[in-house]
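Chain nomenclature is as follows: A, B, C and D, assigned in order of appearance, with residue numbering initiated at 1 for each chain independently.
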């Protein structure tokens, strides 16, 4: 069955520029949502997806190969599990000290150290864990899709070449 | 102490997720982790046996604010059972060479889910752990990655997703009508809820768990999935995952909706009878052993339903005993039919006798408990039905066994498997015999569990 | 509002169920996502009270139930994960069957089950017939000795 | 040392010793088995000089079950049969089995299995006869069925033997369930599992009679009584030692043992005794007639067993002192002679390679010892004087004389048939013209026969040891002292006249065989055509056919599977709605001032949901789906849930991205097929109806549940109150990260699992 090549979408220049331009502010936004979440709308989950979308945008704009060069993209699956491990650690470390699972520190009504608007409390760590897991999942999954697509393309090309030789 | 089994499983599964599960060494690490978790769970069970229900407020919050982990004997029985089944299946697969990097990790994640849902005392948290085990099973069903497995996986995912959604709706309904998520608080509040919303919520939760269990007429997904998947996965699905259904029905039915359960007992009995007869009859002429077992599972669920419908300490003890033995039977049989050699054949024979309820194999006491229930309730029709069911189970089990022997001694007999591979199911089968000879501890614990259910969670 | 919510939830569920009955696996997944949406809406609707966002400090108005919001967040994420997984399984179904049509899947399943089991009727019947005939033959063949 | 427990330990240890020695070397197994059975036999014999001993200890206290064993007279009798004949059978098998395996080209290691199950059988019998707890009796009862299943099916590679094993298991295993039900009925009425206590209670109350009937059915099936006899001839597929053991001392004896055990209760039920009479006579007749027509050696003996146990059952039915005594004595005498005859059949077949009576003859000269041994045994079975058999018939006749003429006629008829077929069996084997010359065979195949033959004669001359064994057994069954005294008298008493009549009739039947042959064969033929065996097969076949029929209508299509969940669920919800009072249960609910915008967003979501239903193109489908999602996000925004809105939007974006990514992966040709395919017009109405049902299901559940809002807001109130204490301002985030952080942890676990799932499934995804 002869297969017509799928119409390849050539990213417009503006998308490329836009993608690059958005990279840094996007991440800032994501981190802001992550850290502000405890006081306002947003949490680790939303931040993780936003960060992922921005990275994925790079892939859309510059092709899937580009993603391989972005370090935060390449190690996404591992980040996912680092995040999960972090969350579990936040949950289970207190049990070694006789507290119950997922006890957060400082305890209720205790004073927490500040750094500007940022408070040093374990829920933030937990949120970071959520962020990492979600980010890792989204980027990891989309990257695998992209890789699978590349592989298909290569397969198709090879098939076509063989067909041409015959 | 409550945290220990969960902690071991959670960190263990992360570790395995990062390792390559196809390596023998890593497989054994997973087995060791699961074994440690099992020991920790049993230790916890011992503690509960001595001191009654254990609670832990997650995050140190008072009851009603946060999530409470609350483990009673029923929960621990199911937790140990699920872990044991997972451990056997995992050991089997490790010996047989794991074919996918993620297999051990997924088994461990499923153990996290199953253990968590038996530990939790919070309705929504139950759902979350339920989803953890479901999502691992969605992936596990693909294990083997042939066309057949993908088909099975797709069926499995579609149907069970529907079940999960219904369950979620049920949970939300409970929250809306009672205002609580903590199961004890819900229990206290439920009698105040009007009849109509309560029974609607109860119905939808019943449907959700029946789908997991494969009760007639919600069972249509089950045969394809059990036959389509690899034997180890089928053992996990029928031996461990299906317990969610029974456990959920006990937790939600007996604990939260006792009034509705009583009102629905006629429906439960009708569906149970239909399931026994339908599953049994279907199983008779199936040729693929896995399919026989799948239909047999549908039949066995019927007994659980009937015992549940009668309720009371005797009925609930029968429910738990039946599910424990049924899970073990199915694990022995699924692992046994896929290996070849005399040890595996012996395991299949023992499993078959157990399903048919022949002493001194453990399955006898499951049948005993049912007859006891039916006779003490003075239900001659029920006695007849259980009798007919056990006649049919004799027929299909031994037709299956006969076919297996015919194939094994025939001209194109399959090659004999590794001794250690056969030994997995054989060891479990010996365990069944030990249960059949000395069931006292098991029955004692189960009766205590059932009594604690009927007399309230706090001992 | 109760009725409106119920109608909306039911409509979304019905639309999802309708899609789940289609032959096309992609539509089936769309149905799953839609049913998930219905469930999420139901959770939101099951709030104990409605009102404005649950962010402190809060002025006198009624505050929306934060617990259902937390629950729905979890549920959304889980249904997203499930949908993603289901999509991947559809892809694998495609790579192994070169089709995303349920009809072809059912055909494959039929083939498989025929492969698994020859009609047992024939086998059992012949087995039994043979056994009975053998006994009868024996009975008839014997002459007094 | 407690004799009961000693015997039990020795018997139960035996099979495991055999198994263990098999693991060391297969050659060891016969020797070990021989020693073990000898030990068990010695303990049994020694126990005759010991008083009755009882051992009882708690087994399962919650069910009030005990390990309760008593070695009483009845137990000693059957234990003696099981161990004594077991010993001789093992001795015989030690030579027979290697030959048997050699014929079938099977490895020597297969021996272990044989001895394990044979000894397990012995252990089960020993346990059964001593057990006094009803469930314990049932346990050993089924254990004999299990052991016999594996023994009958020992030649696994033969279809015939597999079928026979299954048939035996079906008949005895299924009827065993009846025994269980019967035992449970007894327990229900008397509140105890202990048989002696029940018997001591005396009266029959409530359901007891039915319980006893069920137990009797189980016992009759195991004793191969008409109409449940058909499994026994088929069980001849087993190797000869197994047949000998099963038919004389073990399996079949277990059935009458059970009747003997429960006889103190059963004798109080008149119709049960009538049932025994009827079935016993039928078995005598059917077994006897068919035995006359068979030519295969083992089949003759098998039908003979059916008829002989018919005698025993008949005697139980006649009851009375002589009946009970006769039954006990008969079992003892029969076991000795019948095992000898089976071993003879095995030895003859081994020597000549033939199994058919027509192919064998005149072996007497070449095999004098075998001829003499089996001759003694045969004359025992036909009750010639100077053999133990004479007395067995003597007691039988004595009871019939008490009861009157019809019984005398029935007895004589049964005994004459026995005489005829045994006469035919032995004379054809050993007298007359030699047809096939026998090969020399091991002495071990002969001496057990001779020993048994000598015992037969010794019993005829000096019956006291045997009568004392039998009378102590009869005392248990009769529940009072029953001493058996037998001796020869030369007066024309009725018993002697009946014996003579039997011999005359038997000889007449034999000599006139050409006349009735056709008729008898006809009976046998008819039995196969319409008899119980036929019904067994028909039943099995019917069940399989039914199963196939049902399987054809089984749903095997995903769409129908979905339907099969939605429709019954809808039905259940409909029932629930109908049975509960639902006035005032459903409320329309209040509308707030801000709800207008909310309703618009809801309508948008629903409309886009309906539009998605109709979209054909996949890309549009994805976009429509995200429309639903975004509209819902809007709904959440108007419900005061900005957090949810944010997450819903990002998740919807991600879902769309992923969906489109997957669409790109699948070639457009596949997808285009779908988009261009005509909507299946036929199923559309059906789908629409089912979707409506599903919608109604959810509608009622949600409306019902939402109409009743709980007023318990204490959980959310306290969560709100605590939010600032945990350094947060957003209550939802505080719940997610702190109060219910455990849920969030579970949620990210789900994501992580999905991540490994997606990655591993996609990585290995290659086009086939």
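Criterion: contacts are C-beta pairs under 8 Å (C-beta built on N, C-alpha and C of every residue); 3 or more make two chains touch, one makes a residue touch a chain.
None of the values given here were measured: they were computed from a predicted structure.
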- By C-beta contact count, B-C versus A-D, the higher one is A-D
- Query: If you average the Cα atoms of chain A and of chain D to get two centres, how far apart are those centres in Å?
  - Reply: 59
- Message: Quick check: how many Å separate the C-alpha centres of chain B and chain C?
- Response: 19
- Distance from the CA centroid of chain A to that of chain C, rounded to the nearest Å? 30
- Centre distance in Å when chain A and chain B are each reduced to the mean of their C-alpha atoms: 36
- Task: Spell out, as numbers or ranges, the residues of chain B touching 2 or more other chains.
- Result: 10, 14, 17, 58-59, 124, 128, 131, 135, 138-139, 142, 145, 147, 154, 158, 162, 169, 172-173, 176, 179, 181, 224, 285-286
- Multi-partner residues of chain A (at least 2 other chains): 40-41, 43, 45, 81, 84, 88, 91, 101-102, 104, 134, 137, 141, 148
- Where chain C touches two or more other chains at once, the residues are 20, 28, 38, 42, 46-48, 53, 55, 67, 71, 73-74, 77-78, 81-82, 84-85, 89-92, 96, 105, 109, 120-121, 124
- Message: Please classify the inter-chain touch graph. Allowed labels: line, ring, star, complete, other.
- Response: complete
- Item | Footprint of chain C on chain B - complex, ascending | 124, 128, 131, 135, 138-139, 142, 145-148, 150-151, 153-154, 157-158, 161-162, 164-165, 168-169, 172-173, 175-176, 179, 181, 224, 227, 285-288, 291
- Message: Which stretch or stretches of chain A touch chain C in the complex?
- Response: 40-41, 43, 45, 134, 137, 141, 148
- Task: Show which residues of chain C lie in contact with chain B when the two form their complex.
- Result: 20, 25, 28, 32, 35-36, 38-39, 42-43, 46-48, 67-68, 71, 74-75, 78-79, 81-82, 85-86, 89-90, 92-93, 96-97, 105, 108-109, 112, 116-118, 120-121, 124
- Footprint of chain D on chain B - complex, ascending: 10, 14, 17, 58-59, 61-62, 64-67, 100-102, 105-106, 109, 112, 116, 124-125, 128-129, 131-132, 135-136, 138-139, 142, 145, 147, 154-155, 158-159, 162-163, 166, 169, 172-173, 176-181, 189, 193-197, 199-204, 206-207, 211, 217-218, 220-221, 223-224, 263, 267, 278, 281-286, 349, 353, 356-360, 364, 367-368, 371-372, 375-376, 383, 387, 390-392, 394-395, 398-399, 402, 405-406, 408-410, 439-440, 443-444, 447
- Item | chain B to chain A touching residues, read off their complex | 2-3, 6-7, 10-11, 14, 17-18, 56-60, 69
